[in-house]
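In what follows, subunit A forms one complex with subunit B and a second complex with subunit C.
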Partner chain A sequence: MSHQLLISTLILSPLIGFLINGLRYKRHSANVAGGVATAAAAISFLSAILIFMELLAMPKEGRQIAVNFFEWMTVASLKINMGFLVDPLNVIMILIITGVGSLIHLFSVSYMHHDEGAAKYFAYLNLFLFNMLVLVLGDNLLVMFVGWEGVGLCSYLLIGFWFKDSDKAAAGMKAFVTNRVGDAAFLLGMFLLFVSFGTLNFQEINNMVPADPTFSWLSPLTLGTLFLFIGATGKSAQIPLYVWLPDAMAGPTPVSALIHAATMVTAGVYMIIRLNPLFLHTPNTMLVIAIIGGLTAVMAASIGLTQWDIKKVLAYSTVSQLGYMFLAVGVGAFTAGLFHLMTHAFFKALMFLGSGSVIHAMHEEQDIRKMGGLKKHMPITHFTFLIGWLAIIGMPPFSGFFSKDEILWLSFHSPLGHPALWALGAVGAVMTAFYMTRLMALTFWGKSRVPQDVHPHESPALMTIPLIVLAILSAFAGWLGVPHVIGAALGHLPNILAEFLSLNIKPIPNLAEANVTTEIILMSVSVGFALISAALAYHMYVRNPELPGKFTEKVKGLHNFVYNKYFVDEAYEGSIIQPLVQTSKSIWFYVDVNFIDKATYWISDIIKGGGSLVRSLQNGNLQTYAMYVAIGLVMTLTFILVR
Partner chain B sequence: MLLSSLVFLPILFALIMVVWPNKTTLRPLALGLSLIQFALSLTIFWKFDPSSSALQLVEKYPWIERFGVNYYLGIDGISLWLVILTTFLLPIIIVGSWQAIEDRVKGFHAALFVLQTAMLGTFLAIDAIFFYIFWELSLVPMYFMIGIWGGSRRIYATIKFFIYTMVGSVLMLVAIIYMMFLTQEAFGTMSASLIDFYRLDIPFIAGQFFSLQTLLFFAFALAFAIKVPVWPFHTWLPDAHVEAPTPGSVILAGVMLKMGTYGLMRWTIPLFPEAAEYWAWLFLLVAVVGIVYGAVVAMVQPDIKKLVAYSSVSHMGYIVLGLFAFNETGMTGGLYQMLNHGISTGALFLLVGMIYERTHSREISKYGGLAGVLPFFTIAFFIVTLSSIAVPLTNGFVGEFLILLGTFQANPGFAYVAVSGVVLGAVYMLWMFKRVFFGPKGELVKDESHPLHDLSPREFAVLIPMGVMIFWMGLFPNHFFHWSNASIKHLVESRSNYILTVKDTNTKTQSAALVEGE
Partner chain C sequence: MLNTDIFTQIGLNHYLFLSAILFVIGMAGVLLRRNAIVLLMSIELMLNAVNISFVAFSKYSGKMEGQIMVFFVMTIAAAEAAVGLALAVTIFKRFREVNIRFFEHLKG
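Let's turn to the complex of A and B:
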């Protein structure tokens, strides 16, 4: 019973916060609204910690808390409960969501201080937390889908938060519609699973998965997992549905940190990990996931190399890092995927909030060409961002190093992996080191290019405290998942995360014994190249600021191609959106108005015509009648005689 | 007597409207009467036994004995919610039209009540001739409603509406009469009772269009398909909606279209099981075409009301899809979607009416930035939009999900196409929403001489019940399924040999009397 209360508090606290701020959104000042919302998030976080401790206190085999609120939908054999389940896998998720979420709420109190819609903002933010918790806690696919669409809705509302700007409203709509494409696929995936298993409950599905993998592309389970993965490409911004995420930067910056970096966009990864036995059963899908993940990692990183908007760089970086997570789960390294999800949540939230702090200081300027030398004005923001930078480029011993290395190693070593996948990951890592260093250099280091009328200043404590907390997490969280080879070298450090998750995550099948030498060589290669790349970027953007311009001049065509994001948006606009609108217009005009509708007139004309024809037969003229009689007589006689 | 009172009280109310001398108290009176009617309909829940699939609360009196025509009313799980929907919407419509209808108020309310009788009669009549009378009667008040209180092209729209629906119904009448002769052949006495129709065994020859069951099937199906409207018989709908006054549109979308889908469910499918099974592909096909077609055409409409009208074509396509999936999931979803569409599209038309009352324009391009001016109106519109595009925890999701799942179980190919409606629905609604509510202020919105006012208490009173239903039906669909499950299960399971038993409502009282007598 207390479990029910605990989970209710966890989930409903943000919903109550939403209702309070939502109903009184006109009267609440930013501080009151922010206070209410932050308190709601903090209560959730406390409940999450209590639940976590509760789980730890349980014997290892039985670590799960299930509560069932009510029967949602019962029709024929379909029985869906509003049921929630906490186990080691999603307890990590709820800690991240509510923990990072609370920090971001706190940050927002100061960041959104001057916005007249602050109460509305906090209401949405709370509503998002509620939906995100439903997403990760739901014990079946349909309840997950409630949160899945719910977070998309909040994302829509928050991206288009400043709705008076048409572009921002359009970005929100783009996010929702792109996500809807994924959601439609998610629905189909659900249908296939339901037809195959007769249930949508995660545990039941995972228990029912046949032991041997299926190698057919057209088996219902392969199709089902493929459709679910398409759903994930929408929510988690992978090729081909990633296009909404860079535009989503139109929303307030803390939103980008919470929704579009730390939590919502990882939902696809979480969903796949949640169903890991099922995905392992369909190696074809796994291959597709790994390839898409690897390609996305490289493609997005390459675009990140060229962008000038601080948030756009971080957005493409997020797409790229999500690619790593999919690469991980695609090669069966689910623990590594979740590990990177966690470390990324810390360092990317940190950097987004850091960028918020910078943008705040720069009076809403986001172009890094107009920054530079901010280090001396904003020491805390710089220092924390520096830690985020070290983490994301994979510098040992910061958190990103451990998680990224684990992914790269397993993409090489796992039987589901391939050296080519490793190479994709390594190239991505090299690019990451370059664009992040470039971002650091252009924003914080070198000479100041700040316009005369802007006086950058360090942000208030409400904003720097979350940065400091996240910086600490980004620096040290990596020790939760020490790779075997390093752990062994340092005296048998355990991989805490892997042990904690062992109950939920199936090991990679047929994983060979690791070759320590290979592992160390590969690790050195990727770290080494990343360092060289970072050094090169430092050289180009701090030491010789004229170099990059010269270089892009030489490869102008290529640079343009990459800078314009490979013209993918334009291609979609030209090949899907415009044709759809044009076709719809022609269908309306030619088919609806001028064919179907006209056809009914023709029919009515024919009937009318027939009527007047018949009417003309009875015109009262005796001679005509006599003629009809004669004709009739002749015809009847002919008929009889000929027969 | 309950069902008779439900069906015929509104006629009495209409008469009261006509003779009521005081114009100022007319609306409150109409509202009060409609609320009485709603309360009365709720008493059905006391007497209705949800565990039984039988026809309940039956009232049967001989009418034209020579032809076996009876005054015959009854209710089961299929008609129950549609009756409630009808009585639920009427007070809302009366309050909603408080200011929209200014002239001939008496006539308007009288027409509303007559329409109420016709719609309830259609849902409750178990005798074919009786049913047909209500079916046709519903055209008359609607005809006047569009023709008198409608927009500028109202005469055109009203004639189109009338003739279109009339064509279908005439064929149905022929089929009904033919079936009465069949009952005479089969049972010796002529009967127009649906219960007897169900017992008929009509020969079916697969692959032959000109065979008895197929012809009868299509005669009924066409009448209903035009009413729904199923693509490609839908072109009367946008015209009728655009020209109709707000209350007319709400009734049309909210209840009258459901007469078509209800007809498919109550008459066509169980009466002609083999033909329905054989031709299911055709209905699944036009349903799917309608879903996509309605959505893409809605997308490019310049007029908000027309957009909502075409979205109806898309949504009604879902309902037909669910019904012809012939499984419990699909049929339940179909029935549920009838209610959802009544709520969400009804609310959309009310909202469009509210903004039209303020600006006298429905042109999307003249709006923009409304969210900054009318926050409460925006919130209300957004919630209804969510229901319309089937976001989970709203009613629309439950219906759409069950329909798609049921279709997938029955015939995955159609579900794969229909699922595109999930995306297209979001496209046309959100695109419209963006153009009307977001962005810089449009010419109508920034017009200083006509400042816009946010929702009035009266309008809140109209919208709040709709909002409550949206979330109630989205969160607790089982509350609703509970009352219809038995009937739908029975329909699905015994479809090939459907028989509707009649529950003797007097049994209880008789046995009670016996107990007392002892």
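Let's turn to the complex of A and C:
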């Protein structure tokens, strides 16, 4: 099959699914709509696999497929092609997107079974896949931006899917508006890059990046990459624009799994990895990225310690894990960032779907205080969730261990890193172990606190199969990127991922030879503390369930501060939103109502009054007209004679 | 013996005064009377008042154009009277009266 056809199938299949379901959006049957949508996603996944095989069959240096569909626009020196490029970097992305996407579509068939808007839901889901594929495959920034905006739109539509609940509709709007702030910065970054390079094509930009790094804060490239990063903080929920992601949990749970955990929120990370030579050229930006990533990882994890809503805990966990990815790319560990992106996509999608299964079983209850002891009712969900838990807390040899450890090690070891960054990451890892164990304990273990009238039951096979597949991936995907030190210890296991990506990713400059002892010590420290923290959480929430209450009683002020998310939403509300609303209101009142409206009213009043005055002259009476003529005659004569 | 003195004493101004008086009478008729026939007659009066001044100017300036113009005016006046009377007759047939206000019914 020709490459053009393969890529068309990959991208257009979800679009066709969207059109089919979109045109029959009023139908209720989740089976038909879900069948169509899942088939569309599965076809897309098959094409992705075929593309992956093609790529593997190519010689290592020439592994890329470029397809140019048409010339989109030409304005002066700006020339944009609707071009797509597949290379080792984004082939991994499309495998994750379509693979995890297909599983989530399958899960949704059962999850959305009772929903009236099933066809609409699946249409949006397919549209999302289409846009996400455009985002990762576009060979220039503008095509990427099209997908970037498209996924934002789908995210908005799906968060506010149950828009009759005004809170959920508001959450959708919050996500959209917050993303727009980032998108504006993304556009500015794009302008600066275009001014500097005269092109928006990724490959051309990456080839044109000067060899020596620039240390000026005000150079157009530093500013450009900073703006792009601000765009990424919007899409990927980093400080300061992370506030939308926890609220985005208002959407259906599979949506949270697909969009707000596995794929869309990683777009910012992907964008930075895609432009990695450019970002390596601007160490100042890299420093900002690493600090923001580390801080986000810790802050979101600390909020996650206190939340009671199962999805909110997972949401803050997602923000925190995204922080790790940014920490990784910020210290130049792009491979580790992508590796963590991949493992996180598996285990977080697994946990979100698992939480969906729990919520489904609990009749839409999301408060973990009303759960507990679900292990015996939902064995499969519990077991798969358990694997996700082991992966996220970084337990060897599950996938999260490899990727998180690679990030922590490089944040310490890379010339762009710093021990403080490692400390941030390690503290985040300890907190992650605590809140995830807490979540497991409160949901699945201990005594049941389920209300009398709720009878939890295991979910149907359509929901458990995706869980099992994702659990397998979460357990074993880590072996794709075995860190050097472990690989050496186990008999020269290669880091498959790093070798596969070597064409796309520039190595960290001036990276010193790894000190095996240090690496192993650091690894043991972070894993050890995570284990202690997990054991502590187990002790507090399973053995002595009255302990956490006593503890929070002691540090009430601090607990309230964290429980209320550091009052960041309130601070934004007071410092940005309210002033903006007030200013807009006064501008509306003084400029719009009192000036522009009034001015137009004056004009229309004058014309209207003039019209009625003149209309009274034309009354249809012949003699009146004759009178006018006579008066005119007299006046003319008077004028002539008197003059 | 006819005293031609009086004729020689009549100058351009006299004709013009006569013309003006007749014109004003005609105009007053047009403005004030309600009967369509009288209206037409008044218009006729105004036209002929103008004719008088044409002829007077023609005589005193020795040029023929004024008198030629009078023929035109008379022709048009005849045509106008024909049309006007036809309208008046139709109005009369319908309303048994030729009051000018009935002409308002001609509005579309």
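Going forward, the second predicted complex is superposed on the first by the 586 of 643 C-alpha atoms of A that agree within 3 Å, B and C clash if a C-alpha of one lies under 4 Å from a C-alpha of the other, contacts with A are read in each partner's own complex, and residues count from 1 in each chain.
Quick note on the criterion: contacts are C-beta pairs under 8 Å (C-beta built on N, C-alpha and C of every residue); 3 or more make two chains touch, one makes a residue touch a chain.
Quick caveat: nothing in here was measured; it's all calculated off a predicted structure.
Visitor: Scan A:630 for contacts with subunit B and subunit C and give back first, second, both or neither.
Guide: second
Visitor: Looking at A:600, would you say it contacts subunit B, subunit C, both, or neither? Reply first, second, both or neither.
Guide: first
Visitor: Touch check for A:584: first (subunit B), second (subunit C), both, or neither?
Guide: first
Visitor: Which holds for A:194: it touches subunit B only (first), subunit C only (second), both, or neither?
Guide: Only subunit B is touched by A:194; subunit C is not.
Visitor: Thinking of the overlay built on chain A, is A:531 touched by subunit B (first), by subunit C (second), by both, or by neither?
Guide: neither
Visitor: Output check: A:72 vs subunit B and subunit C. Expected answer is one of first, second, both, neither. What do you get?
Guide: first
Visitor: Considering only the defined contacts, which subunit B positions touch subunit A in the complex?
Guide: 163-164, 232, 234-235, 293, 296-297, 299-301, 327-329, 332-333, 369, 371-372, 375, 386, 391-393, 397-398, 401-402, 404-405, 408-409, 412, 415-416, 419-420, 422-423, 426-427, 430-431, 434, 437-440, 475-478, 481, 485, 489
Visitor: Residue numbers of subunit A touching subunit B in their complex, please.
Guide: Interface residues on subunit A, with respect to subunit B: 26, 70-76, 78, 142, 145-146, 149-150, 153, 156, 160, 163-166, 169-170, 172-173, 176-177, 180-181, 183-184, 187-188, 190-192, 194-195, 580-581, 583-585, 587-588, 592, 596-597, 600, 604.
Visitor: List the residues on subunit A that touch subunit C in their complex, please.
Guide: The contact residues of subunit A facing subunit C are 620-623, 626-627, 630.
Visitor: Show which residues of subunit C lie in contact with subunit A when the two form their complex.
Guide: 27, 30-32, 100-101, 103-104, 107
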